[in-house]
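Please go over the structures that come below.
The same chain A turns up in both complexes below, where it pairs with chain B and then with chain C.
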Partner chain A sequence: MNRQIGILDNDRNRLLVHDGSEVWITSGKSSGASIDGQLDLLANRDKGIEGQEVFGDGVFDFRYGPVTGGVIESGAYHLFTYGERILCVNIDWSYKHRGIERSMITQSVHDAVGRAEDICGNFAFAHSLAFAKAVESALGIEVSMQTKKLRIIGLELERIYNHIYVITQLASAAAQKVMTSHLQAIYEGLLRLNNDFFGSRFLKGFNGIAATRKPINIEALIHLSRRINGLSDRFEYLYKRALESENFMDRLHDTAKLDSEKAMTIGVTGPTLRATGVREDFRLHDPDYEGLRCATSQMGDSLARMEVRAEEVFGSVEIISDTAGELRELSESGIEPVEHGRRGHNGTGSGIGYCESPSGLLAYHVEIEKGKLASVYAATPSLLGFKAITESLPGNIFTDFPFAVDSFGAYFADAAR
Partner chain B sequence: MKWWPVWGLTKRLTERKPYATEQTVETKIKIFRKSLHIYPIDVGNSNDLNLDIRALQAPQYNIHRFGIFFADVPRHADVLLVLGRPTEKMVPVLTETVNQMPEPFSIVVVENEDPTRRKSQTGVGIKSLNLPNVVAHLTNYREPGELIAVLLKIKGGTN
Partner chain C sequence: MTFLYLSFALYLLGIVLSLRRELSYGIAFAGALSSLVAGILALTKECSSPQFSMMPGLSIGIGLDKTSGIFLIVASLSFVALTFYSIDFGKLFSRKMAAWFNLSLFGMTLVISAQDSVDFLIGWELMTIGLFLQILERKESHEEAFQFIAFGEASAMALIIGFASLFLTSGSFSIRDGVSAALAHSQAAPFFLVMVTLGFIIKMDIFPFHTWVTGAYSKAPSNTAALLSAPLTLMGVYGIVRTLSLVGYSTWWGVMVLSLGAISAFWGAMQAAAERSLKKLPAYSTVENNGIILTAIGLSAMAGAAGTQPMIILSRFAFLAALFVAFSHTVAKSLLFMSVGHAKESLQEESIDNVRGIWSNVGGIPAAGILTSGLSFSAFPPTIGFVGEWMVLEALFQSYKFEGNAERLIAAFAGILIALAIGLAAFSMIKLIGYTALGPDHGRKTHQFPSARIKSAEMFFIALLILGGVFSPYIVRLLGYSNFLGGLLAVPDPLLILSSNPIFGVVSPTMFLVVVGFLFLIPYLLYHRSAKKSRKVQAWNGGLALTEDEYFTVPAYSFILEYVLRKLYLTREVRTGYTAEVTNKDAAEYLYEYLNKFVRKLSYFVGRTVMNGKISLYVLYILVVFVLAFLL
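Up next is the complex of A and B:
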């Protein structure tokens, strides 16, 4: 099933679409009128999701954000309720819109990598990777095997710490104090590990166009495997304990449920879609991820989304260990040293780049003229993640709110750009 | 499996290193020696600052031992942590939040944008807002230890 993720012109003629395995551009006219609602969402993506309202006795708009202890980012939820049950949700992330894509225009492709990272700091590596792939596709640049493997390590590290963060938030919302503290310790350990090996707690400033922006010590990566395995063992112990806690499971079970049909109609990807039983992951179609185990779950609720994330943590740890070993072998064989720094890329062209970020498909379309960006479009997973929140939250009660929202892993910074 | 809290106690996760910073902290308030309540406000950062501030709650830092606590609302806070460079739409929200702070209060501005990318920065410069009681402005923030050091200076003590 083809799903729209972006509109590249004002007339809705050029659409960015995907089918779960690749991303391409198609004509809007050939897509039919049935997708108008989806296109309105994409066209309104600087502001948020609005226009839904419920009226009735005692129903009011409870505004949650942009300054509240419960929503850490500057955005606002409009919850229509009569006091307990949530009847309808609108989401306003215009507070967070920074116009980063616009600020990238006329920049050199190298300078713009850093701006792509600034769209969403906790998806910084995924943004830099999708952007770099788009530029490399536009300019026909080959990427060395070692750089590709380093990118796999960066992307999987980002997946692990993001998933642990989400599970920590869920545990915290359920007042699982001891577990939350231990998960926070693992989360902090992962950020320190990122800093030790890639020079940034959030993996910024490392990935570049066809090369890394910093030199890397391949020998040290073997220590990374050891440390990440240690943190994974600690997480496994905690996760088994969490599954034994009826209190915790009860809060997640049947909360913010989404079935596969609805998830596909919304166009949401990543752990949210896989938690509805759909085996879709862009890494499955990447030859560098040979033998990937794709974690899925069936229920489509907050618990299923947590299960998928936990399984993906274990999967990513294995990928990192294997890839670090392969990198070491490549390094010892003396072929293809890791390139770092910037090279002159002064070509002209357009291209698409994408990757499986921690919360789903992240795609870039770029147009380049003589090495400078003429247009940039970032299709981010959080936009559709928030749409999934608005579709799944009605019917739940107020105290379900954090379990519902956090389990989707959607961020205002990512959606608002 | 050990009883859950016992398993936790055996881990000894809190680190013993000193937190130091060369950042100047301009405060004359002396009443926060025993406890300091902080409220972080995101004014448009790329979310890594928000997640890094969350990491302050990790047992490695154990900020409660210094008497530092997170407040749920600005009205209960002693220090407002302004995270990032404000978007235009967040400027009035930030101003109103500052108005809601109880006296005496301090503001710490935390930014982490790469200084080489200043030309392409979006949003409003924090200095142009003339916020009151800004006691520290961290322009190239790197990790939570720096922030703890600043908060300890505001408290008027060191660890």
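Up next is the complex of A and C:
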């Protein structure tokens, strides 16, 4: 099923679409659009999701945000309710819109990588990766095997700490104080690990166009495997205990439920889609991820999304351990030393780059003229993640709100750009 | 007697001069003052009119003894405030309203002063008819008015049957002393008790005879709603008390009314907590308060029937509690209806949601009226409502003194329901106060009308509610219950109210005011000194000012409660397209819906089979009815 993720022109003629395995551009008329209002959502993505309202005796707009304890970023949820029961949700992330794509235009492809990272701190590596892939595709640049392996490590590290962060938020919302504290310690350990090996707690400033922007000590990767396995073991212990907590499970079970049909119609990807039983992951179609185990769950609720994320943590740890070993072997064999630094890329062309970010498909379309960006379009997972929130939250109650919203792993910064 | 005669004469004059509304209400005010004086005088000296013998066993006359004096004082206080209030408020309604208003006051005064059941019933019917005609004052109020009269006549029928059995047993229509011995030992006593109790509790809006209150109270003008809620239900309480003086205490009757009262209190408070209409909420509060009164009377009867000295003390204290709650309810509910009526007519709105900001857009006095009465219903010290409800709970706490486990359990269970009712009442009153009196002003335009006397009446009752609470030990003494007063430690005699003798529980609203007032004064003075350093800011709402559609609504306030108790509220969440709402239904209404259906079917059946135009069948029907009537 083809799903739109972007509109590349004002007339809605050129659409960015995907089918779960690859992303391409198609004409609006032949996109196989199956989603009512999806193009309107994409067209209004700088502002948010609005226009859905419920009326009636006692129904009012409970605004949560834009600067409120509990909503970490600047954005507002408009929850229409007659008390406790959520009837309808509008989301306003316009406060967070920075116009980053526009600011990238006329910049060199190298300078623009940092801007892409700035879109969303949590997904900094995924943004830099998708953007770099788009540029590399546009200019026909080959990427070395070792750089590809390092990118896999970076992306999986980002996936791990994001998933741990989401599970920490869920535990915190359920007042699982001890578990939350332990998870926060693991999360902090992961950020320190990022810093030790990539020079940034949020993996910024490392990935570049066809190369890394910093040199890396291959020997240190042995320690990376050991440390990440240690953190993973601690997480596994906690996670198994969490699954035994009826109180915690009760808050997640049946909360903000989506079925696979609805999820596909919304166009959401990533753990949210996989939690509905759909085995879709762009890494499955990436030859560098050979033998990937795709974690899925069936229920489509907050618990299922947490289960998928937890399974993916364990999967990512394995990938990192294996990849680190392969990198060391490559390095020892003397083939392809890790490239770093900037090279002149002054070509012209257009291209699409994408990757499976922690919350789903993240894609870039770029047009380059003589090494300078002429057009940038970032299709982020949070946009559709928020759409999934507006579709799944009605019928739930206020106290379900954090369990619902946090489980989707959607961020205003990512959606608003 | 002079003042009693004078009050009757003034009410009649008020009816005659109803074409001049202000004068008519003014005369009613004088009549109310006169009946107040008559009531006060009756506390020290009984009085009676000449008796007119109509037939053997039936002598008609009026008079006042101490019991009727107490009730006349309470009712007259309400009359005084409501008539003065109506001098201005009555201008918003037709001239004939003044006549019906006077008529109902005449009827109620006659009920209290009647010495025989015939006078009593005449007064009962006059007040019912007067109030029925007042409810009809508003357009499209026929259904509510007829519901009121249907229940009113059911009450009257029960009383007629009860009083007929009284006559058959004692050979007298007297409802004063002299028949008690004959009746108390009669086999007909239970029948009499059940019938008159039924008649009176219908008037008291006791569950399940309360379903008419929301319609009638909300449709009636607010001064009439106050009459319906406060003095009218007080007549029911008076009837019960008078009945007890005739037949004495019995355990089964005590258990019956205690159970009905406790259920009614809980049910009324529960429905009030979910109510969204400005006048329906106080209507359900009436159901709750009368339930509490009935519970206290029931406990008094149960304890009195036990006969031992400690139980007699408990019985007297429970009875005192009933009198206090009746007094506090009459004053607070009159004030509440006066204040919400003032706001309703100023803003021309019905729902609590739409009358927010009364303090700033209607005025401080009606807002203070809602605040004070609401606090009294929430049992907030030192109001008189606090004293009354404390007394009821203290009396119920002493249920362990009953010898039988069944009585203990029943009284304890009633105590649980009453405690829940008081909690729920506080919930509903906080809603009413928070949204209306102290809520944010949405800048709605107010409809201006003369209100000097409206405000005066409201201020009078605000003061009475607070001062009545503060000086409640003196009211206890005035009622003749000095043995429940004392002193302890720093609290001088008689400022301490005792719930038993020997001491079980104590309270002193007077000392509460002194201590809390002192404790409040110090921080207030400190605050006042540093007031210049403080600045007022808007409450943080996510960084943006609230828009009109972002305010928390009244239905939202109580939704959680409705959802948790959805089996009792019969809550339904209705969603149709882009509209959604929550609906509740009073389960008691089903009873009358079924009754209504049954009567319709029966009418249809009789119409088809007997009254179908065949003269032979119709004649046969008349003959059968005639023979049955003759035999009976």
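To be clear about the criterion, the second predicted complex is superposed on the first by the 411 of 417 C-alpha atoms of A that agree within 3 Å, B and C clash if a C-alpha of one lies under 4 Å from a C-alpha of the other, contacts with A are read in each partner's own complex, and residues count from 1 in each chain.
Rule of thumb we're sticking to: a residue touches a chain if its C-beta (ideal position, glycine included) is under 8 Å from a C-beta of that chain, and two chains touch if they have at least 3 such contacts.
These numbers were taken from a predicted model, which means no experiment stands behind them.
With chain A as the common reference for superposition, the partners chain B and chain C occupy compatible, non-clashing space.
Within the superposed three-chain model, A:Y354 lies out of touch with both chain B and chain C [touch as defined at top]. In the superposition on chain A, the chain among chain B and chain C reaching more residues of chain A is B. In the superposition on chain A, contact of A:P66 is made with both chain B and chain C.
After overlaying the two complexes on the shared chain, residue contacts for A:F131 are found with neither chain B nor chain C.
In the superposition on chain A, A:D57 makes contact with chain C only, while chain B stays out of contact range.
Figure note: vertex chain A, arms to chain B and chain C, all at CA centres after fitting on chain A; angle 70 degrees, rounded to a multiple of 10.
In the superposition on chain A, A:F198 makes contact with neither chain B nor chain C.
In the superposition on chain A, A:G83 makes contact with chain C only, while chain B stays out of contact range. Nowhere in the superposition do the C-alpha atoms of chain B and chain C come closer than 5 Å. Comparing the two interfaces of chain A, the one with chain B and the one with chain C have residues 66-68 in common. Partner chain A is touched in their complex by these residues of chain C: 276, 353, 541-544, 546-547, 549-560, 563, 573, 575, 578-582.
Those residues of chain A lying in contact with chain C across their complex are 53-68, 76, 81-85, 87.
Within the complex formed with chain B, the chain A residues making contact are 66-69, 72-74, 94-100, 103-104, 107, 111, 114-115, 117-122, 124, 165, 178, 181-182, 184-185, 187-189, 191, 195, 201-202, 204-205, 241, 411-414. Contact residues of chain B toward chain A in the complex are 1, 4-5, 8, 11, 13, 40-52, 54-55, 57-61, 71-74, 87, 89-90, 93, 97, 113-114, 117, 120-123, 142-143.
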